[in-house]
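Here come two complexes built around subunit A, the first alongside subunit B, the second alongside subunit C.
Let's look at the complex of A and B:
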């Protein structure tokens, strides 16, 4: 590793993203890695190594790594972290920076397209609403407009944010 | 203030290493003191610690309690009430008046000192709070399976096992022992962000005792950082690292295996691995004293940011030892000397003022 390849500002950029501020207090104890179910199945996925690389400023290496997209968002890492770092949220911050830099993998793009089209990942069909009616729950609607406005795909509707959410 | 009102120049709450050290230091200065101990016998936690010498003395301080008890018993300036609890405290005209209430003491309470006979009230020029810290209850970290999986013990339990000779040739001879550091320390998420200061030292010393008694036993030391300090460790760490396996990874959990406890931690490649041990020792930290809240209320002392007794309190109130924050035995003795010195100055000033 060459020091010239490191970007000392990268950790501050991560910390400035929503959820990324936890990177400031990590002291690298690896409690997160010890309990990570993804790491248990993909040994090369190591939360401590990812956060360490980000702290060292290995910007391109972190942003271009396919590993950062493997997190299952189970938040077990946050449960065991003595410093209260929510690694899941730190990684979301890193993924947002990566996506803006053009590193989002095809799966992330497909996810975004599904959200823009349906307002949720799973399409709501009569099946779901029948089941909800049996349980006495109100029906849900596909409301893609909220997400379209968040994603900047169309102007926000008149009269405020969302559609009476 | 009338000096004739004073029953005892200094009242010391707590008869552990800190309280006894303060009493002995005051006695050396010619000042009488009264030590109040809650339990039936003085000594506090130090009585549960094992000697950590191997080839030479490890300067752990565990043996200093015996000397202190003997010295306190031999000095006529020291009065020691055991099985006594403080029920109220009031400050008036520069003097503290403290009420004591007897506690059940059992039939054969060992000395020195005698159980408090009946309720009494003592007026004093200075109070030293030397109630000690509270050892972290490992049940508070349930993922480390203390009390749930056989073979998992707190470091305090290991102290007793080593002191009794329960581990060694001819006794229990575990093939593999793991220490897990920072259980109840450096845990901001658990409300305990402080380093307890003593755990790296006692764990490595006890690891060395085990290796000395049982050279075949492998010892693993799971840690976040080695936060030991002091002159000796700089010299000793390299040889310890040859003798003991240092793993810089905080385990995620302890599980029950068929052969004994298993420790789950980030292995050398980063992925979680599970490794079996015969003994898993949880290096429990030191927290604020039990009942710190009521001491704060009784004496009007402010807690510090972590709930320990703040050293800056009302006039005539002093704090000694681990009640003010995590301290080793040797540090508690030094700290108690400081509190005794301040209390002596306070009492001297009161008497000076009374003489006009």
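Let's look at the complex of A and C:
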């Protein structure tokens, strides 16, 4: 590692992102890593190493790493952290920065498009509502308008190429 | 007693047994669930890549709940957690609330602090109470044993959700199971994460998280494992076969929702609590309650 390759401003960028401020108080005890269920199954996923790399300013390495997308968001790390770092939230901050830098997995875009199209993640058609009616459950609706407005996404064209995403 | 029902995206499409049994249990306990078709996604699926918009989507639901002036109850632990976290964040950060309201204004909505968000199970325990629930039980599930799976967002972060349960030593599901007369089984992997959060990113990793618990429960031979979240259900019931195959083993661990066994205890039939829709069925339980 060359210090010249490090970006000392990266930790401040993380800290400025909502949820990222906890990075300032980490003292590297690895309580998070010890209890992480993902790390127990994938030793290369190590919360302390991710925080350490961010503090050292290894910006590109952290943002481009596929490992940052492996958090199961179980919050165990936050419960056992003696410093109140809330690693899940710090990692969410890092992932959000990574997404803006173009490193988000394809599922992120697909999720936003589904919400803009359906107002919900899973499509509700007549088929679903028929099944619900058979059980005496009230129909559910798709009202995507608010989601299009919030996400700034146009509704996909009817029967267009947005189908089957 | 009234509450606004937050169904979320998954339950009303994929987990009708959960929704059906939850509605019936509430009815039996004197809780009126109010539906609002405008309620939809909680924002959780966007949080990892776009937490700003995820927060606005959560605030939209909180604003709708406030307009009803009713407590908001969710069946999905991720919905309940996301909405409770958003309320906690916005209520403590006026600048963030102001920013969110700029986005909500064109929709004719306004976020104001004070929405009461809960998971249905915690709501029933705190508002109806364990003793009152137990007093309404008309059929005993004695002789059956259930392994509660608390999952993560039902318990954590404790600073947002806390009060009812200690995440290191949770009791609430066990108490509700015991209220039916059945035995709540504790076991080493009680607090494991289901892995559902990484299913999209890495199926094998998600499967190894869920598989360890399934193997343990298979060994223990419980009547069923008991869930309160549709994401956990995707892993433990939906993926169960695929996980066993990948681990090159065989297990069959029946999976039920807590509302289904509460419903049986309250005198509802297996059909009324949607047990027909369970994919890994608790056959002995259904047999005992049939007719």
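As a convention for this text, the second predicted complex is superposed on the first by the 123 of 165 C-alpha atoms of A that agree within 3 Å, B and C clash if a C-alpha of one lies under 4 Å from a C-alpha of the other, contacts with A are read in each partner's own complex, and residues count from 1 in each chain.
Basically, a residue touches a chain if its C-beta (ideal position, glycine included) is under 8 Å from a C-beta of that chain, and two chains touch if they have at least 3 such contacts.
Computed from a prediction, not measured in an experiment: that's the story for all the values here.
**Student:** Counting only touches as set out at the top, which of subunit B and subunit C does A:11 meet: first, second, both, neither?
**Tutor:** neither
**Student:** Have a look at where A:58 lands relative to subunit B and subunit C in the superposition and call it first, second, both or neither.
**Tutor:** neither
**Student:** For the overlaid complexes, name the partner, subunit B or subunit C, with more touching residues on subunit A.
**Tutor:** C
**Student:** For A:112, select first, second, both or neither according to whether it touches subunit B, subunit C, the two together, or no partner.
**Tutor:** second
**Student:** Once chain A of both complexes is superposed, is A:27 in touch with subunit B (first), subunit C (second), both, or neither?
**Tutor:** first
**Student:** Could you say whether A:39 touches subunit B, subunit C, both of them, or neither, answering first, second, both or neither?
**Tutor:** First partner only.
**Student:** Both subunit B and subunit C touch subunit A; at which residues?
**Tutor:** In subunit A, residues 42 are touched by subunit B and also by subunit C.
**Student:** For the complex, give me every residue of subunit B touching subunit A.
**Tutor:** 143, 182, 186-190, 224-225, 248-253, 264-266, 269-272
**Student:** Quick one: in the complex, what on subunit A touches subunit B?
**Tutor:** Interface residues on subunit A, with respect to subunit B: 25, 27-31, 33-36, 39-40, 42-46, 48-49, 80-84.
**Student:** Name, in rising order, each residue of subunit A that touches subunit C in their complex.
**Tutor:** Its residues touching subunit C are 18-19, 37-38, 41-42, 69-76, 78-79, 86, 92-93, 95-96, 99, 104-105, 107-108, 111-112, 115, 119-124, 128, 131-132, 135-141, 143, 146-147, 149-151.
**Student:** In the complex, go through subunit C and note every residue touching subunit A.
**Tutor:** 7, 9-10, 12-14, 16, 19-20, 23, 35, 37-38, 40-41, 45-53, 55-57, 60, 89, 96, 103, 106-107, 152-153, 156-158, 167-168, 192-193, 195-198, 200-202, 205-206, 208-209, 274
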